[in-house]
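Below is one structure, written out as structure tokens; comments come after it.
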Amino acid sequence: MASQKASLFKRITKHHLFFPLVCLAVVLLANVIKTPDFFVVSINGGVLYGYVVDVVNRASELVILAIGMTLVSAASGGQDISVGAVMAVAAAVCCEILSGGAVSTSAFQNPLILAVLAALLVSALCGAFNGVLVARLKIQPMVATLILFTAGRGIAQLITKGQITYVRVESYKIAGGYIPGCPIPTPIFFAAGTVALVMLVMKFTTLKLYVEGVGINSSAARIVGLNSVRIQFVTYVICGLLAGVAGLIASSRIYSADANNIGLYLEMDAILAVALGGNLLSGGKFSLMGSVIGAYTIQALTTTLYAMNISSDQLPVYKAVVVVIIVVLQSPKFNQYFRSFREKLHPGNSVSRKEEPSS
Amino acid sequence: MKKKKQLSDTSFLLMVTVGLFILMYAAGMIVFADKGFAKPQMFLNLFISNAGLIVISCGLTLVMITGGIDISVGSVTGLVAMASAYQMEVNGSGAYTALALSLLIGLAFGVVQGYLIAYLDIQPFIITLAGLFFGRGMTAVISKEMISVKNETFLAWAKYKIYLPVGTTNKRGVFQPAYIYPTVIVALLVLIAVAVMLKYTRFGRRLYALGGNQQSALMMGLNVRRTKFYAYTLNGFLVGLGGFLFFLNSCAGFVEQAKGLEMDAISASVIGGTLLSGGVGNPVGTLFGVLIKGAISSLITTQGTLSSWWVRIALSSLLCFFIVLQSVIASRKKKSM
Amino acid sequence: MEETIILAMRGITKLFQGVKALKNVDFTLRKGEIHALMGENGAGKSTLIKVLTGVYPMDGGEIHLGGKKQAVTIRSPQEAQRRGISTVYQEINLCPNLSVAENLFIDREPRRFGMIDWKKMNQRSGALLKSLDIGVEPTRQLGDCSIAVQQMIAIARAVDMQCRVLILDEPTSSLDDDEVEKLFQLMRRLKEQGVGIIFVTHFLEQVYAVCDRITVLRNGELVGEYPTAELPRLKLVAKMMGKDFDDLAEIESLKEVKKEHEGETPFLEAEGLSSRYIKPFSLRIHKGEVMGFTGLLGSGRSELVRTIYGADKPVAGTLKLNGRPVRIDAPLNAMMKGMAYLPEDRKRDGIFADLSVRENIIIALQAKRGPFRPMKRKEMQESADRYIDLLQIKTAGREIPVRSLSGGNQQKVVIARWLLTDPEFLILDEPTRGIDIGTKTEIQKLILQLAEKGMSIAFISSEIEEMLRTCSHMVVMRDRQIVGELTGDDLTQDKIMHVIAGGEAANG
């Protein structure tokens, strides 16, 4: 019986969603302790209220970004730090087209569908730009995406002519607000929808297998006929596109395009979400659900920190510390030290690392 | 037998950089002559505005030679300014204390980041990205409002003009000498010191070796970990110093200060001929990289109608161009081997 | 004689996880001697070198330097270097971004007042290079020099560091004939200076051109040490492959029918095909034929098949399949044309360590089908189970990450992967390496069955018996080119060894 119990425990702890769920649980616990009515949900004026509703709502853009970041991370072992800037660019393109170039408008000057498609196209192009640099020119992902990280907001500023462009149209606010008659905030639907869409894509294509293959062993991938350049390129385009979607949602919330602030610091959150989701930042096997859970965890963490009266300016400190801790724990060198430390405490117990014999 | 190269790739890249600067500046002198672009002071202003950046870029060049990178330099600069301002204005310390504090903060970042990168083998990008966020956040923790410096010693340092024998004669026939600030002297001294260190000390050559081929350096008996660690520590010190120089320009600490400075420093290094892959870099080239950035800034400001965001865009485009150029040269080399 | 022995290794034993990689090996190096260290895969050459240079600690035995009675312990590569043992590896361990002079003197540059004295460094470099007749400017960037020159500079560095024992680990793999000659001249010069050189290589011709003595290892044991002049090629080959030339027995063939292929259009026809790594070759393989590729390690067998498969890009020559010319410059092309390739290096090119057994098995077939036709779960499970059963893959389940399987079972997974794609042409590069005897025989039977059904097979193995049992045609390679083809009655151990050895084999 004991061995059965032991193996169930092992199966639970070894599951790839164990780590992200534990992190989420810890953060939720911290929240409940700080704010006892954290889980209280009420309906007021036809709309849901409550801390937990807020967390799930605000995490929507992050969830969408995290999906793209997971794919990029898995396929190329590096991260795309331009996603925040791409969000700003997408928002800028959309709002400018809707306002017809004016700084503010109260009616669509051009069809909404045109603005949205243009914004998504531009963000996909940004992704393609990154993709060419990383996949084709083999430039380190973080260095390549550094270019748009800096230039992106400048481009967004140029598009909005240095102003914050407002679109004061009720229907524009829906994406970031509420569908009339629906108590659930729309961004939640977008996030869920994106997750569902990507999962469908993964079901009806070989995306997961190809990305993991390329990320785990690119020379073996080549031998079995996979084109790593193409696969990595595609992940960057997807990441850019998803950043565009997130940018549109963010823009809809504030019914404007604020090139300076949309998506600010979200790239860090996205990377954190991927890491918290149990995914190795060095690439390979990935779990989308893990990253999604990680995204909600980060948002819940942000809420905890706000509850502790830490302002948004100061948040980055805590996030930085968490990232460092996770990355250190994931590093092979640290694991080596840890294992040899455990060896010293319990000699002979732990499995010693295999020396690789070569002839 | 390999073809004899007339010009090594690094010299080629450096020539492109210097040439680009001369081209830009000359163009500016011609196009904007009426707006005073041709005055010597204009040229010296490049140094004055960018003294801090010169020092910081030198540090970054060091780290990039080893094949690493540090994107926290901008936020550390902001932190240094805020901390120093706070120390002087709120805690009433003197300017020298502020200087010491700046150097210490820089060193602290250098030591922690250096340890994680050199001894735990963690990717420099993610560690210094965390450093970037840590620095930005800490700046806000210290104070959310801007702190202007009123400390007299500090302001004296900031405003002390050193006059030079060159200058312009204005319409009334009065000779107006050009001037620089002490920060420029410090920056140039640091530049020379770093250049000498890189060329004439074993430590400097070790940086190149380790950046060129880490495995080989290890097999040749070099202590790779320790060298890397020292590189980041030294960089931290230079960021502290450069940050202080930057602070002498702004005379205030505020939350968004020096945002994007890391991009300027990296761009300056890369445009100055430092290879992202490591093993190649030259502070003199970096200096020209900084001057190019300054020239772009001056040109756009003088032009007057273009938004200042164009500076960032122009710089990013140049960076992109040089990165791609480096990549093309590297792959051509591989093919011919 | 004793005073001239500069290195004596006695009874060296090294274990990895309980497996003996070296068993009681002796090695002796004399002053001014060029000594070849030879052996096939798994022989223990590289382990012996790593023990000598302090990379691995040894589990038994002693090392004596300079004829001294007291044994030494070498704990690190730096310590080995300090004791005068220097190694030049196949991957040049120099920094291409630094100048020649800097590479010679890195970390020990001459200084004046604490600053590096470049002039002195360049002068000393120039003198050193001249003394070894290496014609390159000390100020030249290392990356601009050819591999051959880089290698000589690596040797020059070792020499300047007063090495007494110089280990050259496969130095000639990337050199052309002229460059090899220059390297030999340098080696002879060092010999005159009294340096002892350990030359690890698998190029037979080179061993006979420049070495004084040969030590042969096999399966971690010392086979013997011989003066080169007293060991003819054939005997050397025999010792390396573990055959005693005097009583090579005929091995009975399990083949039932000898297929006649006269007049038939060959399934695969390569003409003058070459890549960066292999000289132009021509080859004909018929449908249902098992063609064996034999030769010593490093003779170019893997490079040849990789070029056919497109894993290495072909630079010249033509390839025809069923009479029609085809262009294959990437693995996917080859796969779509019905080819399959089991690579030699399972770890690097074979397994996806973190993916499950199932995923590893179906991945090639999936790649053929393309990204928009994912295999259904059921199909994947059935396929995986089928092959787990067929090849007796020992695994706790098909969803276990392949990382946790033993080497032999991992190999079976990769074989399963390719069998699943139902190829017309299957390339097997050392498929039975690391597999137990029982399964080896299974695989040989499988090969025959597949050939019976019409599959053409290219079979590379270091074990001649298993090839003799399965192949109807053998191609012999040496030093990166085809040196002979054998078929029919010529398929005997004798004849094969003769062709491999070449040279004065007649003086056996």
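Letters are used for the chains, namely A, B and C, taken in the order the chains are written, and counting of residues starts over at 1 for each.
Heads up, the rule we're going with is that a residue touches a chain if its C-beta (ideal position, glycine included) is under 8 Å from a C-beta of that chain, and two chains touch if they have at least 3 such contacts.
Computed from a predicted structure; not experimentally measured.
Most remote chain with respect to chain A, judged by CA-atom centres, is C. More C-beta pairs touch across the A-B interface than across any other pair of chains.
Taking the mean of the C-alpha atoms as each chain's centre, chain A and chain C sit 45 Å apart. Put simply, the C-alpha centre of chain B and that of chain C have 48 angstrom between them. Chain A and chain B have CA centres that are 32 Å apart. Within the complex formed with chain B, the chain C residues making contact are 77-78, 81, 89, 91-98, 102, 106-107, 109, 111, 114-116, 118, 141, 143-147, 157. If you check the complex, the residues on chain A that touch chain C are 203-207, 209-210, 212-213, 216-217, 219-227, 284-285, 354-359.
Looking at the complex, you find that chain B touches chain C at residues 1-2, 5, 8, 196, 199-202, 205-206, 208-209, 211-213, 215-217, 219-222, 279-280, 333, 337. By the touch criterion given at the top, residues 69, 71, 116, 119-123, 125-127, 129-134, 136-141, 144, 255, 260, 263, 266, 276, 307, 309-310, 312-313, 315-317, 319-320, 323-324, 327 of chain B touch chain A in their complex. Of all residues in chain C, only 16-17, 19, 21, 39-47, 56, 311, 330-332, 335, 341, 343, 348-355, 359, 363-364, 366-368, 370-372, 374, 417 touch chain A in the complex they form.
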